[in-house]
Amino acid sequence: MKLRLVLWGLGIALLVALPPLAIALGQTYYIDLVRRVLILSIAAISLNLILGYGGLVSFGHAAYLGIGAYSAGIMAFYGVSSGWLQWPLAVGASALVAAAIGAVSIRTSGIYFIMITLAFTQMLYYLGISLAEFGGDDGMRLKARSQFSGLIDLGNPVAFYYLALALMLLSVFLVYRIVNSRFGMVLRAAKSNDPRTRAIGFSPYFYRLAAFVLAGAMCGLAGALYANHTNYITPGLMSWQQSGDLMFMVILGGMASTAGPVIGTFALLVIEEVLKGWTEYWQVVLGPLLVLSVVFFKRGLAGMFYKPDA
Amino acid sequence: MLEVRGLTKQFGALRASDGIDFDVAEGETHAVIGPNGAGKTTFISQLAGNLRPDSGTVRFAGADITALPAPRRARLGLARSFQITSLYPDFSALHNVALAIQAHSGHSFRFWRDARSDPALIEPARKVLNEVGLSARVNVLAANLAHGEQRQLEMAMALATRPRLLLLDEPMAGMGTDESLRMIALLASLKRKHTIILVEHDMDAVFRLADRISVLVYGRVIATDTPEKIRRNEEVRQAYLGSEA
Amino acid sequence: MTWGLVFEQLLNGLQYGVMLFLMAAGLTLVLGIMNMVNLAHGSLYMVGAYLAVALTAWTGNYFAGVALALLGTLLIGMAVEMVALRALYHRDHLDQVLATFGLILFFNELVSMIWGRGAQYASLPSWLQGHIDLFTGSRYPVYRVAILVVGLSTAITLWYVVTRTRLGMLVRAGASNRTMVGALGVNIRLLYTVVFGVGAALAGLAGLMAGPIYAVQPGMGELILIQVFVVIVIGGIGSVRGALVGAIIVGVVDTLGRAFLKPLLASVISPPAAEAAGPALASMLIYLLMAVVLAVRPAGLFSSR
């Protein structure tokens, strides 16, 4: 336990120190790179809640990145650039869609659940493409960054970085509290042994649905952040490839662990950056790497430091 | 307390349950015995709500529960232990039981307070673990317990839900002599406080604990009576007991 | 919107459905018997298409190209099974999803490396080009009729094998109880390889037939794969009959929806609104259908479990 806290402290200190260090070394590119990692970490953390702790293999989680991003983008398109309105809408819309998709999907399990979540996300992807108003296939630019009444300027890379860091840490903390609460224990129990959980009197459906909605909402926030980060919103955010990436971020880091999703996101994005530097066809290397990691490297990186939570 | 009428369940051409009539009075310990393949587990599964009967009714404390799923029945006070041990392997014995306690302590949509150290869950869990004799092993992971201890934990989980009716599916499965004796002693102590349906192969336990015995053969109850009368019943001897009793 | 047009689109829907069936049949058997989620099934479809283009060009003969492409896809499929998928049979679905996802990335990039990222042109021999006259007075492409014929004959052959032969009986038994079949002394490994091989060949066949109509490009497999998932969810895992019914339904609904939803809407609501909503709704149609089926029958229409 002590070791965990020390490692966390170290990690946070490093992340806090990064911008001034990068500026001093003249490598401001890293501020952007790590900020992207932090934002996608939030998405991975949310997926870890339902996948790592809940055992729900949702292959459609990227949908909420898209919904969050488009919420911000569409509102900006119509002149509403206040973050106070945009971001809650991003979260709310994601929660609503998650409730709808979850209500139908969670009645199934196993292979069906995987295919269904994938199918629904693909549906949203096609919806995104068909909305010519908002750029269709090509996507659209974010008309203006989300404004927060002058409290914070997202145009300032360092300020935005620290906001992303703060929100990421908040997400980690939230999920940590949730999975150890009564609610979280039921979710984890249902994953560990479904018949036993029913036998003592819990109906897993409602707990899973609630977790699904929470995860969707959190991912929607990540989407709104991402739109501000890239200044561009495309349907590709909701593609199944993106969903697969999110799953790998959770797995590589170690499922059902607090730090796992963050570590996994760092790992995957760093590997991608390195590979992209080598060859244009970097996915031809990444693909087999991922296959090997699944076959041989089950417990993920966090599992190397300490045993993940039960 | 429990009233079963005409329970029928068919799997293709196999009649696993063939019009079973069955009663359990409050405070009674009613054993169900029968050869392998008689349909005992199918019967228990239909009582617990894991399997839907094709026809027939199950009434519990006067209410018709035939259409209720397992979690609802559990919340009404019908607790089940599994023949094949079914626990949470990565949780400690204490947390296993705490979960069972939690299932009967109001709703669980609480997202903030740490449940692992909640005294409202932990204290009652300790008490139940004491009752079954596992007080020395509360912090051991369920997967690391000895087989007999796991069966005790199964029992603890059933008891933790403050049941009105206990459905015990072969609680002594796979136990050695010492462990069996301990389990029989535990069950004897429970007799006074609970209504029990006991499915068992261990005839020693059955004849010591049961107030009444029902004999299940090919999905039908061929006899329901006191242990003495069952022991002497010709049909039962031929079908099942042979020279054992 | 004339009846001739409707009939033509109906034929298109059937033709698309038949191709979906070819993909779905193999996938549903692999899912049902081997309990294995194989996302790389779409890659085999793509491989079939690319091999047909390359080998037809190389041999100069359409039949040779098609036959070699089928053979090639079969061999590649079996190679993938032996090298990568064998390690995954006993793993949980999450692992299978992730590993086969990695395979998709690999195949898409490999194909890009060899042929580039743009679409390839798949040519047809002269006797498959041209049109025939329908009884409705309109003209319909010969090639699409050929697809229908090939697809339906394959469906009938499959039906015959699955319901009337010993192999088929093993396949059906395996789909509903794998362990039992193994316990009965059947060589499970061989059965798996055969099932997988047949599935791969069917996917390759669908791919090479699709080439001339749809674009041959990296990622083509995944686009159809997700619709194949919808087919299997609707039809039920492990059921070839379900795959056929599901495929026809999905193919027809999707095609008719894309063709007629916008004009239908335009007659009810304002044309500009229909212009926006029509295509959007049409693309969502089969998924909404899937949701409805699931609400009523969570295990699909013809589930074998």
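We just call them A, B and C in the order they show up, numbering each chain from 1.
One rule holds in what follows: contacts are C-beta pairs under 8 Å (C-beta built on N, C-alpha and C of every residue); 3 or more make two chains touch, one makes a residue touch a chain.
Only a predicted model underlies this, so the values are computations on that prediction, with no experimental measurement involved.
Colleague: Closest chain to the protein CA centroid?
Modeller: Most central by this criterion: A.
Colleague: With centres defined by CA atoms only, which chain is the most remote from chain C?
Modeller: Computed centres place B farthest from chain C.
Colleague: Sort the chain pairs by how many C-beta pairs are in contact and tell me the top one.
Modeller: A-C
Colleague: Starting from the mean Cα coordinates of chain A and chain C, work out the distance between those two points in Å.
Modeller: 31
Colleague: Counting in whole Å, what is the centre-to-centre distance of chain A and chain B, each centre being its mean C-alpha position?
Modeller: So the centroids are 43 Å from each other.
Colleague: Could you tell me the distance, in whole angstrom, between the mean C-alpha positions of chain B and chain C?
Modeller: Once rounded, the distance between the two centres reads 49 Å.
Colleague: Would you pull the chain B residues touching chain A in the complex into a rising list?
Modeller: Within the complex, chain B touches chain A at residues 48, 50, 69-72, 74-75, 79-80, 82, 86-91, 95, 98-100, 102-104, 108-116, 118, 141, 157, 160-161.
Colleague: Which chain A residues qualify as touching chain B in the complex?
Modeller: 177-178, 180-186, 189, 192-193, 195-203, 207, 210, 310
Colleague: In the complex of these two chains, what residues of chain A are touching chain C?
Modeller: 51, 57, 59, 104-105, 107-108, 110-112, 114-116, 118-120, 122-123, 126-127, 129-133, 240, 244, 247-248, 251, 281-284, 286-291, 294-295, 298
Colleague: Which residues, counting only chain C, touch chain A once they are in their complex?
Modeller: It comes out as residues 31, 35, 37, 84, 87-88, 91, 93-95, 97-99, 101-110, 112-113, 222, 226, 229-230, 232-233, 237, 276, 279-280, 283-284, 287-288, 290-291, 294-295, 298-300.
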